[in-house]
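Pasting the structures here.
Heads up, the next two complexes both have chain A, just with different partners, chain B and then chain C.
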Partner chain A sequence: MAISQETYQVLESIVGPEYISANPVICEGYRAGPGGYECGSGYERVMTKVPGCVIMPRTTEEVQKIVKVCNRYKIPYVPYSTGFYGARSHPHVSDELLIDLKRMNDFELDEKHLYAVVEPGIIYSQLQEEAMRRGMYIVVGGGGSQVSAIANMIGDGWSPLSYRIGLPHRRILGTELVLPDGELVKLGSLALQGDPFWGEGLGPDLRGLLRGFTGLRGCLGIVTKMAIKLLPFQPERLEPTGISPHTTLQLPTNRVKWINFSMPSKDAMKEAMYEMSKAEIGAGVTKVPIFWRVIAKAKSKEEFWKLWSKENEETLSSFHVLRVLLIGFASEEQLEYEERVLTDIITELGGEARRTRPSDESWFKNADAAGMWLMCGGYVSVDYVIETIEHAIPHGENYAQLKKSFTPPLMPDYGDPGWFQSFELSHQGYSEFLVYWDPDENTDRVDHFYLETSKENIRKRFYTSLLGPHQPLYLTGPAYGPNYHKWLLAVKGEFDPNFVCHPPVPLAHDAFVEQAEWMKPLKDWESPKIRQKK
Partner chain B sequence: MKEKLLEIVGSENFFDDPEALAKYSKDFSLAPRGVPNYVVKPKDNQEVQRVIKLANEHLTPVVPSSSGVHFQGATIPKQGGIILDLTRMNQILEVDELNRRVRMEAGVTWEQIASELGKRGFRMIIPLLPHPLRSVVTDWLEREVPTNTVYDYGEPLQSMEVVWPTGEIFRTGSASVTGYPDSPSKGANPSGPGLDFYRFLQGAQGTMGVVTWANLKIEYLPKIDKVLFAPVHDLNYTIDFLYRVLRLRIIQECLLLNNINLASIIAEDWRKDFEKLRASLPPWTLILVISGMHRRPEEQIQYEEETLYKVIKNEFPGIPLADNLPGFPGLGKKLLPMLRKPWPKEVTYWKNRYKGACHSLFFITKPILASKFINKVEEIAARYGYPISDIGGYLQPIEHNRACHLEFNFFYNPASQPEVERVRSLYSEAASVLLDKGALFTRPYGELAKLLYDRAAGYAMTLRRVKKVFDPNNIMNPGNLCF
Partner chain C sequence: MLKGKTSLDVTQVENFIFDMTKCIKCKGCTWVDHIYMPGVKFSTRCPSATRYLFDSYGAYGKMRIGLALVEGRLDYSHELLKILYACTLCGACDVGCKRNLDLEIELTLEALRIKAVKDGKGPMPQHKKIAQDILTEHNRFGAPHQNRTKWLPEGIKPSPKADVLYFVGCSASYTNPEIAQATVKILDASGTPFMLMPDEWCCGNLLYSVGMVDEARELARRNVDMVKQAGATTLLTSCAECYRMWKVDYPKMLGISTADLGFRVVHLVEYVDELMKKGTLKLTNRIDLRLTYHDSCSLSRLSEPWVPWKGERGLWGMVNPPLDRRRGTNGVYQQPRDILKAIPGVELVEMPRMRENAFCCGAGRGTMEAFPDFALWAAEQRLAEVKEVGAEAVVSACPWCKDNFAKVVSKNGEKLKVFDISELVLASVEV
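This part shows the complex of A and B:
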């Protein structure tokens, strides 16, 4: 334990002896991985450390006190709730204090005004279940239902259900944020009153500190409470069926329907999305990659590979399945009307409906993060970008091309360009590109590919989710904004003068490139030396 | 400094004669006058940048002003300086019909954009009858509330370009890519890069930088519309009805106006119509619009109407919703186009029609609390001898009616000092009392700023720290907000 006995005692006095530990056995439980997001990547191996001490506060006041102690004694700390974000949400320096927020699990719901007030320990499955019982729903982000709702809201937070409201930023209401120096700022209506029902600030909106397009991984403070906007649903119950892990929600088909369509081309899928938006129908629409279907069918890793090996570039490039969600928000008649309009659109475009199960396996309930490491052991999304549908399609194709020279070690996927979907009634489009690898193999080229995607985005002028702490800040900074990194670092410097809040984020990927020998040949941008405590 | 400003914008776009300066020293608000030293009208972001850099060298305030008309005192200089009048930057730069996006400069007005989009079969969701000369970009930055409630995503603002108070030019969101707009990225995502910079610019009254252009969402014009009205005698009952039906996502525009505001809007011949209308209109009127979009519009309207009337029949029989307001034939036909356009330029602005000027008190609250606030305002108005029957009322449901914008309009004769003073005092007390009662003022104009930031000390302190990062010399519109 590198935290001094004296400091430990101070921290212990804040939470009590049962909620702090420097026991190596306890701390080992917080090691990043194994399995899952970014597992076995170079970043994980180089940048993550086992914490030196773990503390579990119960209240915002306790969090503030802990953070102030950390600032006084220059103890690096990282906020942690459910830790889905693998390597990047774990300690990056030795002897770091991990502030585990799971005990903060209060939860209130205002049904009339469509919001829930949650603490960081509340996960999506709890929130979705309670919301649905009351005729509301929430968009469960791709991290899955097991993740902290707050962490996801300030990190990512979207899915095919983002069709009606894409950006999670719009659903963040009154929020409590403990700044990196321990000061508390209350955002939205909480700034003036106890009711967190409204998100906008008094004048300029300080929700701008919570995240960028994607999150800051806890380097600009700790959200201890957040009111999250819920969306009105329809009145029928979605009935859970099956035995874990093969569970589904049985849909009331008079009100909720997924319908899959075979389409003649990618262009026809794109056109269908725009036409749906023109008619203002639907509750979700996404291209289905063949890969999803194989994952859904496979009951084991072996079965996955058996099925996947039957595919080839031809089967992939000719697979054009569009999955549409219809919801009769207002009435059964609405669903019937929308189905008629949808049929018109699909028929005009030469598509046809496929038999579709009247159930939801993924998006209402749990997203599908848990199934993603089944086939290889390690995976990461190298982009999940919200722009336009016009941006989404070439973006994925571009990545597929780039990926060819990195396969293997990346999993062979026959040139799959990922998937795209419509957001905010096609005002926006979304594309996501995942890669998979075997963490037991040499992953240097995986790390290379990850970095090369950033360079490719800069060269081709694509927007990207992997900014801020997700790629080298001095690489992306000059290219976006331009020079967003200067402002981000200036804000960080203002609120974290001791640089104790999750160091060296947002410069962690810069530090990784400096420290990993195999990354050095790729460094062709200017940056100051990143100081990194070992 | 004068010579350098002249060099930047040219003599035809530089003003320092007393008459020109006086124009910028006042507006339609009750804010105290404040005279600038210079007025410049830049033509592009480069000129804006050069003016701001110069202002930093001289530590001179810069007050950005985009609209041709102002109601809140935000552009009145508090410490002199340079008025950066952006009205020359009034180009609609792109209309991207496929992605339903328009990119426009800060000086584009509601009149301009409504006309351009209408020609193409599009519209932008719009606040209630904005002044035709108001800047569209500014109104969205200042979080005006739209009358349309059907889109879950609400706010139309997407990415934008800003000249920071240090003079650096920056693009937010997905417009931040190198070379934008010559890029696959269209600017549809407002968020990032790195931080949500756009949030700092919202509600900022020009204190955080100069937005030079922005991307905004546009929507298709419906094929068919139906306007429905209900006279409201029991506001709480009607609000309960809105809690129920606005969750269904079938109502496009939805608002409640009291008799004086509705009369001010629909009176054609003012002298002849206004008094008659206000006397005969119900205390409040509910206005709803349902629409049929581009496919099977009749079928859409049919299910929407059936759903609405089913709810009324089974749950709210006391809502007399109908195609017209009893006693006001043809009102629907008249009102619908008005709701999708700015106020006509040739007619005195609706808020100024009654007495020549209007001071508005507005805030966000939960609809269930509206009646409490209305009663309180009437009680305070009575104490000041302001006739209750002269208070304009506007309730705008937001986000499925989980909140609302509640607005009170105090009309007065600007030439009458006693009337001015009465409204000023009444407004001050009402703001303070309503704040105590839970009214959420999120747009702190004028004297509200001190009232709010004194109470929200933690927020104000953090805001100052952010401001210091972007505007170390505090040159951008000082004296507003808490800076």
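This part shows the complex of A and C:
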């Protein structure tokens, strides 16, 4: 047993013997890799450990008690909802307690005030279906339908539908947070009379801190309950059809329609996004990477490579497909109107509509995230920026250049500059750069590329969303701060004085570089002191 | 092995190391397909992960544990064997994974059980007792072999020689004779001559399912030879488990394709559907019943034909020659529904989890024998869904499902009716 008998018994008394185990077989089932997000990389191999014990609380009170025990006995712990976020959401030190939150799956939906209150065990596809059944919807983020809604909301959680309804943090309302020392804090209006309707007040609002710090990487406590704002949808049902793996939602085209447009250039795509926003039309928009199209067409890994090998730098650089979602939220006439305006915009920019299937496999109930591993076996979104479209596009182009010298081991992608889109009616621009590799080959250079993107961001002044949790803090902190790293550690110290909540985050990538010999040649910054469990 | 020569041979667990290393914990194996997700209720399709909760009981846990076992990082223990065997091998995880990742989860789980037996650790003690019964009495109940054909109803006489050979199976021969009787009466009503095996033995489902592949292969050889000797062109079953054995696992163990068996394997629902379409069987009697259909795993998502494959795995994990993966898409889903809808008076309502997303009844693949509480729990979960849609009856096409549902209904004193589809077909054609 990895933790002491005494500690185990105390923990067992909280949840009961059925919901705790230190059995090595049970614990092995919680290993991060070898497959998964960012798994098969050096970070996963060096930094993740099998938990020493797994516990499954049912209530917030149980979570508090567990966390307090961890503080009392100095047991490192990590919260865990579905475990999809790969290496970073798994134990990083030996004998860590993994707090599996799947039993916390209470769900309430307030139809009148358009919000749902969920616990960590509720996943997006459950939430989306419950919402849609009542004429509402939510954005299912890139993590896919099967991730915990809470974990995704405090981390990433965007999709092309974020064009209209924005980033996830806009929709976090009253929230319940168990701090790293076990104290319970209720955010927003939840602090008063148990009403979670309002995120901003009257109680404290730590949402920015929670999200901006390390989000779902979980080192600033455990979110045990969250009210999530739902948005009004349209009344007609999106009809499920097909048999796996060919399942899809049939769209009611009088109300919901995807249209793909061939555009003459990347600039024209960008202009279209701006013009749509000015006209305040559209429910979603994104640039379609040719890569996605090939994935969608291929019936297997082998067919993917057959199709992909027909592409080249020229086909990629001349492929400009814009995918637009129209929804007649208020009426059929709204959709008709928006389609006419959209057609005018596209025509003026020299684009034309392509034949588009009246179905949706990817975005309303997204689960394609899992398909990202099909082609190569290894995948991570190495970076994303949320800034302006003007910022987002060169970000991807720069990365594509940088990537060339790391290909292989990265998958050959003919200079694909990732994908971009606009958020919040083009008030924000987004770029995401995805990389793929074969985890059964030597992956040292994959790790190098990861780190080099950070240096590229510093060199080119790109604002990255992954500053804190995915890069060496002592590399990025001084460059972006100048005291960003110190501030982050001060916050951590204040909330987690015993440093038991998912150590060594936020210094995990620093620790990785220190421990991985093959990373040493890239190390040209100051080393932090990393507190290690004795 | 990760690169190089590989195959789908389940007797070599090394063939599935690639699959065990590539699970990404998306948990598509546990949750209902997102497109068909019914909401917060009835949202999972893996009985094992739903019942035991620890990740270790989901396919994602089993892949990691299996890998650790193969690599020597874990040894056998009571908990490890429970994780391997408290699983219905229902295939839900397999179709879920192949929605996006195409990993061979079902074959990996089978291979791990075969390894456990080879290593002298498996199967579970209860399985060993039944295996002995199968070897001595040729049925899984240990009932006297000479009683195997006692179910034959008066007035029905099998032909000594016919194109159709009805393989009755242990359940319909001993514990669920109503299914065998209904089946032969349906054949009789449609004017279909049929024969029985001169000496029918167990199909070996339990043996194969718990990893006793050598014993199961012997039975497969024997049974296939018997059919060939009998000269039948169609092997008919009324049991989903027998069906899967004959159609998928026999060829798998014998290293041949389903198409190379030398005869066609059909389930009663396929046969009845064909007869109805030809017009030789008409469902005319009215049955006023609001019912729901439970997809038996071995008839639905696990029933696609087997094609052996061997080749090489290379860069990016690509295989050569191409592998036509069994993803559960072409299971027997529609025929039973068409049959039930054709019965006058029947109102067929679907449960939230249907077809490839169906929640297993819990009985099959050695679960009922070694983990009876778990098996009954799974049936109870499924019956909650039956009640949710307001059905008066649940209909399946497998005696294992019928039996397990009936046990729960009886235990709880419920009014719900449990039928095998053969009984309803017979009631609709019988004069």
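In this text, the second predicted complex is superposed on the first by the 518 of 534 C-alpha atoms of A that agree within 3 Å, B and C clash if a C-alpha of one lies under 4 Å from a C-alpha of the other, contacts with A are read in each partner's own complex, and residues count from 1 in each chain.
Going forward, a contact is a pair of C-beta atoms (placed from the backbone, for glycine too) under 8 Å apart; a residue touches a chain by one contact, two chains touch by 3 or more.
The model shown is predicted, which means the values in this text are computed figures rather than measured ones.
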Taking chain A as the common reference for superposition, should the pair chain B and chain C be classed as clashing or as fitting? fit
Check the residue A:S331 against both partner chains and state whether it touches chain B (first), chain C (second), both, or neither. first
Examine A:N105 and indicate which partner it touches, taking first as chain B and second as chain C; both and neither are also allowed. second
Answer with first, second, both or neither: which of chain B and chain C does A:I123 touch in the superposed model? second
For A:Q146 in the superposed arrangement: first (chain B), second (chain C), both or neither? second
Counting residues of chain A touched by each of chain B and chain C, the higher count belongs to B
Of the two partner chains, chain B (first) and chain C (second), which one does A:R207 touch, if any: first, second, both, or neither? first
Looking at A:I458, would you say it contacts chain B, chain C, both, or neither? Reply first, second, both or neither. first
Quick one: is A:Y37 in contact with chain B, with chain C, with both, or with neither? Answer first, second, both or neither. second
In the overlay, answer first, second, both or neither for which of chain B and chain C A:A479 touches. first
In Å, how small is the closest CA gap from chain B to chain C once the two complexes are overlaid? 23
How about chain A: which of its residues touch chain C in the complex? 19, 21, 23-31, 34-37, 39, 54, 56, 82-84, 86, 100, 102-103, 105, 107, 122-123, 125-126, 128-130, 133, 144-146, 240, 242-249, 300-303, 305, 361, 365-371, 373-377, 411, 438-441
Spell out the residues on chain C that touch chain A in their complex, using ranges where they run on. 2-3, 21-28, 31-40, 43, 53-58, 60-65, 67-68, 73-74, 77, 79-80, 83, 95-96, 98-102, 315-320, 322-323, 325, 327-329, 333, 355-357
Of chain A, residues touching chain B in the complex: 112-115, 135, 164-167, 169-170, 179, 183-187, 189, 191-193, 195, 197-198, 200-214, 216, 229, 231-232, 274, 277-281, 329-331, 333-334, 336-337, 340-341, 344-345, 385-391, 394-395, 424-429, 457-458, 460-463, 467-468, 473, 476-477, 479-485, 487-488, 490-491, 494-495, 506
Which of the residues in chain B come into contact with chain A in the complex? 98-101, 143, 151-155, 158, 164, 168, 170-174, 176-180, 182-186, 188-205, 207-208, 217, 220, 243, 247-250, 293-296, 299-300, 303-304, 306-307, 310, 364, 366, 368, 399-400, 402-403, 435, 438, 440-444, 449, 452-453, 455-456, 458-463, 465-470, 481-482
